[in-house]
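One structure, as structure tokens, below. Some questions next.
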Amino acid sequence: MREAIRDAMAEEMRRDESVFLMGEEVAEYEGAYKVSQGLLQEFGPERVVDTPITEAGFAGVGVGAAMMGLRPIVEFMTWNFAMQAIDQIVNSAAKTRYMSGGRLGLPVVFRGPNGAASQVAAQHSQDYGAWYAHVPGLKVVAPFDAADAKGLLTAAIRDPDPVVFLEHELLYGDTGQVPDGEHVAELGRARVVRPGRDVTLVSWSRGVSAVLAAAETLAGQDIEAEVIDLRTLRPLDRATVLGSVQRTHRIVCVEEGWPSCGIGAEVIATVSAEAFDALDAPPRRVSGAEVPMPYAAHLEALALPDVETVVRVAREVCYVDV
Amino acid sequence: MREAIRDAMAEEMRRDESVFLMGEEVAEYEGAYKVSQGLLQEFGPERVVDTPITEAGFAGVGVGAAMMGLRPIVEFMTWNFAMQAIDQIVNSAAKTRYMSGGRLGLPVVFRGPNGAASQVAAQHSQDYGAWYAHVPGLKVVAPFDAADAKGLLTAAIRDPDPVVFLEHELLYGDTGQVPDGEHVAELGRARVVRPGRDVTLVSWSRGVSAVLAAAETLAGQDIEAEVIDLRTLRPLDRATVLGSVQRTHRIVCVEEGWPSCGIGAEVIATVSAEAFDALDAPPRRVSGAEVPMPYAAHLEALALPDVETVVRVAREVCYVDV
Amino acid sequence: MAASKRVEEGARELSPLASLAARSAASYEPMPNGHEQVDLGLPPGELLDIHRRMLLLRRLEERIGQLYAMGEIGGFCHLYIGQEAVAVGMERATRSDDPVITAYRCHAHMVVRGVAPELVIGELLGKAEGVSGGKGGSMHMFDPARNFYGGHGIVGAQVPLGTGIAFALKYRKTDRVCVTYFGDGAISQGQVAEAFNMAALWKLPIVYVVENNQYGMGTAVDRASAVSALHKRGESFGIPGQEVDGMDPVAVERAGLTALKHARSGRGPVLLEMKTYRYRGHSMSDPALYRTREEVQKVRDERDPISRVAELLVSAGVVDADQLKAVDREIRATVMEAVAAAQAMPDADPAELMTDIYSGGS
Amino acid sequence: MAASKRVEEGARELSPLASLAARSAASYEPMPNGHEQVDLGLPPGELLDIHRRMLLLRRLEERIGQLYAMGEIGGFCHLYIGQEAVAVGMERATRSDDPVITAYRCHAHMVVRGVAPELVIGELLGKAEGVSGGKGGSMHMFDPARNFYGGHGIVGAQVPLGTGIAFALKYRKTDRVCVTYFGDGAISQGQVAEAFNMAALWKLPIVYVVENNQYGMGTAVDRASAVSALHKRGESFGIPGQEVDGMDPVAVERAGLTALKHARSGRGPVLLEMKTYRYRGHSMSDPALYRTREEVQKVRDERDPISRVAELLVSAGVVDADQLKAVDREIRATVMEAVAAAQAMPDADPAELMTDIYSGGS
């Protein structure tokens, strides 16, 4: 997936000289997670810019550059550090088109890894999907596979609005087919990655892998789960989710982040209000534990949703051995 | 309500000399919204501290002071400006007890007006309730009336954990009875402010006034609404809400903020999962419009939930003239 | 290093206002080596232009204050009265293709850029034809066509934004310079320091202008800043700084020209501290009890930029008092017409609530 | 103003290491007026203590690096190897009731404070008896009982926290001083500037120590900071700064004593820039390709604080090489025992997942 993200950036930088990349360690180090490998060499230090460790400042610099029509890709080493810059992302980037009555748009992409990695503890493991998805004026993307990472990032870079692009460190090493040549996916479209008739399982980003594994297990137990990868958290593709629930009558939403006011809450609240009559069982969430992420490996594992829990809850909503 | 907040601070400062107030314009100016009137005079500049306009910095100073056992009340002139400090609130304050395995607790209160005021436009009108309620380690309070403002703020100051205290500028001028003498309310308890049997209406902070007005109208139409004031957004008093829905079988949640991943989403998702069989109608949300707040008065009015909409949606879930 | 650089003596004498205003003009601070002094050569017509521009800002803001008091304008409204020399002097030093960005006290900066007063007033009245369609209000006005980038409500946030604009100007290999304004309160914001560091590190074409009007809301400079000589705030980053009499439009213009030349030539940022003053409260709702009436009156009497220029024009025999009165009448009429034109605009359409969130129009 | 203050000459000669290390020792920068030089008077026993403390940190970190490589430690792990003179010198200058706070590179700062090595290792192994119960890991260790306040993972965030600790010390009218460490990368963080301003404005009892190990992750100082003399970063706030040879524990101790005395006497903050170096990568996963092996080797050969002190001890005839080897063996044994003790601790109980979120235990 690492290469898919790099290729999306490289191809857009070749196509459009107003696209550039900035962030900590993106140039000479080629990315703290080696996502920007080769970019400095190809595009030079004017278009691949190492910044000081000043998230508020360089996010603002990116937004300012976008005011002049450049198309900055602002990398946060991880999204945890973007809390320092969130005022610029929300107040300066997301709100300006509206505040200016449409006179000033901001084509800027903020990207980097989001959520838990491996034993990096509380300050380095937060999932920010729900916060950004809360905010009108932002588009929020969270791809699961390499093809989507490339297609959606390409779309994000070309998009005239600010996009928050949430990657996942634990997916960087994943391999997957990426279509040859230009590949642009559409923002705002979920995808049914596995069709099924008994229960709808919704997730995104790394959560999809747990859900696909659960679906596999469930299939062996005669439960055919339909798996939806949201791909974009804002705007949410309500139609795809609601359509699925109309067929399956059951839904479980799986997220790595904290549940309160999370993406799962939004999905479930939407389904409850808009597909109430279709539901044959309580709509359920499986989520990360409501704790700051612990360091110890065995505690960390307990803090994240696992395949067994997804299977169990899916069986519960199907009223199997409950 | 202004005076209730001031009195809570003054009484706690009298009681406990480790309590102090810091923030922009809190001392000589007596608060941008005159909430800290008289405090400088009574407690002097060492305990009522004007800060430079450096939210990240002074929030961090507050948290650091709490590390040494002081009990800082950190005022944000409005919560909009706390986006600059949110890293300190979340990463330094909320997570430290956990990260330290319980060795270091942080008794700090962050407070100030939240949400829309009057025509102050997008950057000054955001409702941050959902963001903070998302975060374990924080307690989040949003009082509606003067008595609660005093009782809950007193409790927040005495609380050993970081508390986010969300006031509302448009409620500052409201008057209301405050019990004489020491008045401490319990954090984490919702309150049924109007009992009813036909539909549960949930809100908090200024939203309660629209909901109470709607309940009044509905009563004239033979619908008895039960009105719940959440008062605390984290921890959420699920029991009170679920208990009410068990009786009324219908729920509408009303919030001034944006709906996506909002408090309403959490309330509805909780009710749908945990009181599914009790529900006789789709659980619904009424919320602020999903737009950065516009300046023009007539647009701003359209962006906020109004009594008519609450009445209409309540009638819909009661299946009256739908 | 920058702090130890020296500039030619005698800069003060170059301003025709300086002798008049010697009692209050602040002394000049060192400027970086290699700056030639710009010879302004001020023919009477130029001084008249300065006077007229400042007076327009004054009369416009006074009228806006009245409309606010009458309830026709809502929300926060921050007037520029007293600070006119800064916006006018800097605008005269700036090329029209040099981008400008400031905070919420932005009406004047827009109008000197050439935005029609009725579009500003229309915005304040929440009109469809207001410069932000009625959605932004007093604090959020933009006109990219005139290289004006707002109008920002979060103290200090426009400083990284302006730095990003400068980044883009360099990226595009232009010779344009971004002028970024902020207040004495804003200068302590961490992101301002972050921006200073990047601008100096990357030698960005930017002139930072701190409008030191002595107060951030109710807080006097020395209660908010450990060092109250704010032009020194760039020292830790090697950014040359200069203190300027911000009540003298000619001194402002000259300092602006020198600073812009420095930045335009690729030598990186400059920080200008404009010592100025606001006569009104911080915003319309501030009774300004943190200072005495006498303090305000003294500045009005001794340092008012409009009176100073008027005095000079009269004493130099360029115009007489009657002619100045005629100019004032004309400007008042212009403002009245702008108000009338704005009031006649239609209100923003309710359907506009849901547009301009994303590019597609919604 | 601070920048123009002058200090007595000859400070360098006071360090017994200085002559040995003259080839690499950085020259001293001006210190504020009114500081008396502290006469350290270093009997041999003191130098032995310094040596022993530094060696303990070295051996401990080396062992931690091995445990990481063996997969017994996870997550991010930042070693202190090379920088020992800073933690040891400052600790000797500090009173045990002076609070200390730093970033994620915190094992050494804890141990010099007196936290038992096995509690640190236990934490790294995720053990119940680890200093943070296995929940914090390498970056998040706290021991308020020993006046150690972390252990923070967000670059720069501990600087306002330390400033708040100093605020509390002053509020309580104590004579304690907070020592706040951060890196050369961290110094550009806006909140550091914000904290500097408040500390200077309020004259807080705090000593800021920037451990300039030349790199913030892979970025050399001069690629991240417009001015690479980091002790000047306080100038804009009037904070006196001093450059110190951070590879010389005696120079560190002396500078620390002077700075602490200044801060303790109510004269406000001081900024010490420790010129130091880390031998290992930024964290265990960094191959450190941004610098040459030769660069690292040269520092090891010429400036290594442990070798420098050892050389001095031997050349002064205090100990001989064999005795130093015995000390090393003893310290290695101590570390081995600490590892064994930590490994024998029980894992954090799974039920601990849901405790310590709030005070009630959950």
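For reference, chains read A, B, C and D in written order, and residue numbers begin at 1 within each chain.
Simple rule for what comes next: a contact is a pair of C-beta atoms (placed from the backbone, for glycine too) under 8 Å apart; a residue touches a chain by one contact, two chains touch by 3 or more.
Since the model is a prediction, treat every value here as computed from it, not as a measurement.
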Partner chains that chain A and chain D have in common: B, C
Pair sharing more residue contacts (C-beta pairs) when B-C is set against A-C: A-C
Most distant chain from chain B, judged by the mean position of its C-alpha atoms: D
Centroid spacing, where centroids are CA-atom means, of chain A and chain C in whole angstrom: 42
Geometric centre distance via CA averages, chain D-chain C, whole Å: 45
Mean-CA-position distance for chain B and chain A (Å): 29
For chain C, residues contacting two or more additional chains: 132, 134-136, 140, 152-154, 188-191, 194, 197, 201, 223-225, 352, 357
Multi-chain contact sites of chain A, meaning residues that touch two or more partners: 52, 54, 56-57, 80, 84, 87, 91, 98-99, 121-123, 136-137, 290-292, 294
Touch-based graph of the chains, sorted into line, ring, star, complete or other: complete
Parts of chain C lying in touch with chain A, wherever the complex brings them together: 99, 101, 130-136, 140-144, 149-154, 157, 159-169, 171-172, 190-191, 194-195, 197-198, 201, 352, 355-359, 361
Complex interface listing, chain B residues touching chain A: 56, 80, 83-84, 86-87, 90-91, 94-95, 98-99, 121-123, 126, 130-131, 133-137, 234, 236, 258-266, 268-269, 271-274, 276-277, 279, 281-285, 290-292, 294
Residues of chain B defined as touching chain C within the complex: 24-25, 28-29, 32, 50, 52-54, 56-57, 80-81, 84, 118-124, 289-292, 294-299, 302-303
Chain C contact footprint on chain A (complex, rising order): 20, 46-47, 51-52, 54, 56-70, 72, 87-88, 91-92, 96-105, 136-137, 139, 159-161
Complex contact set, residues of chain D against chain C: 1, 3, 188-194, 196-198, 200-201, 223-227, 232-239
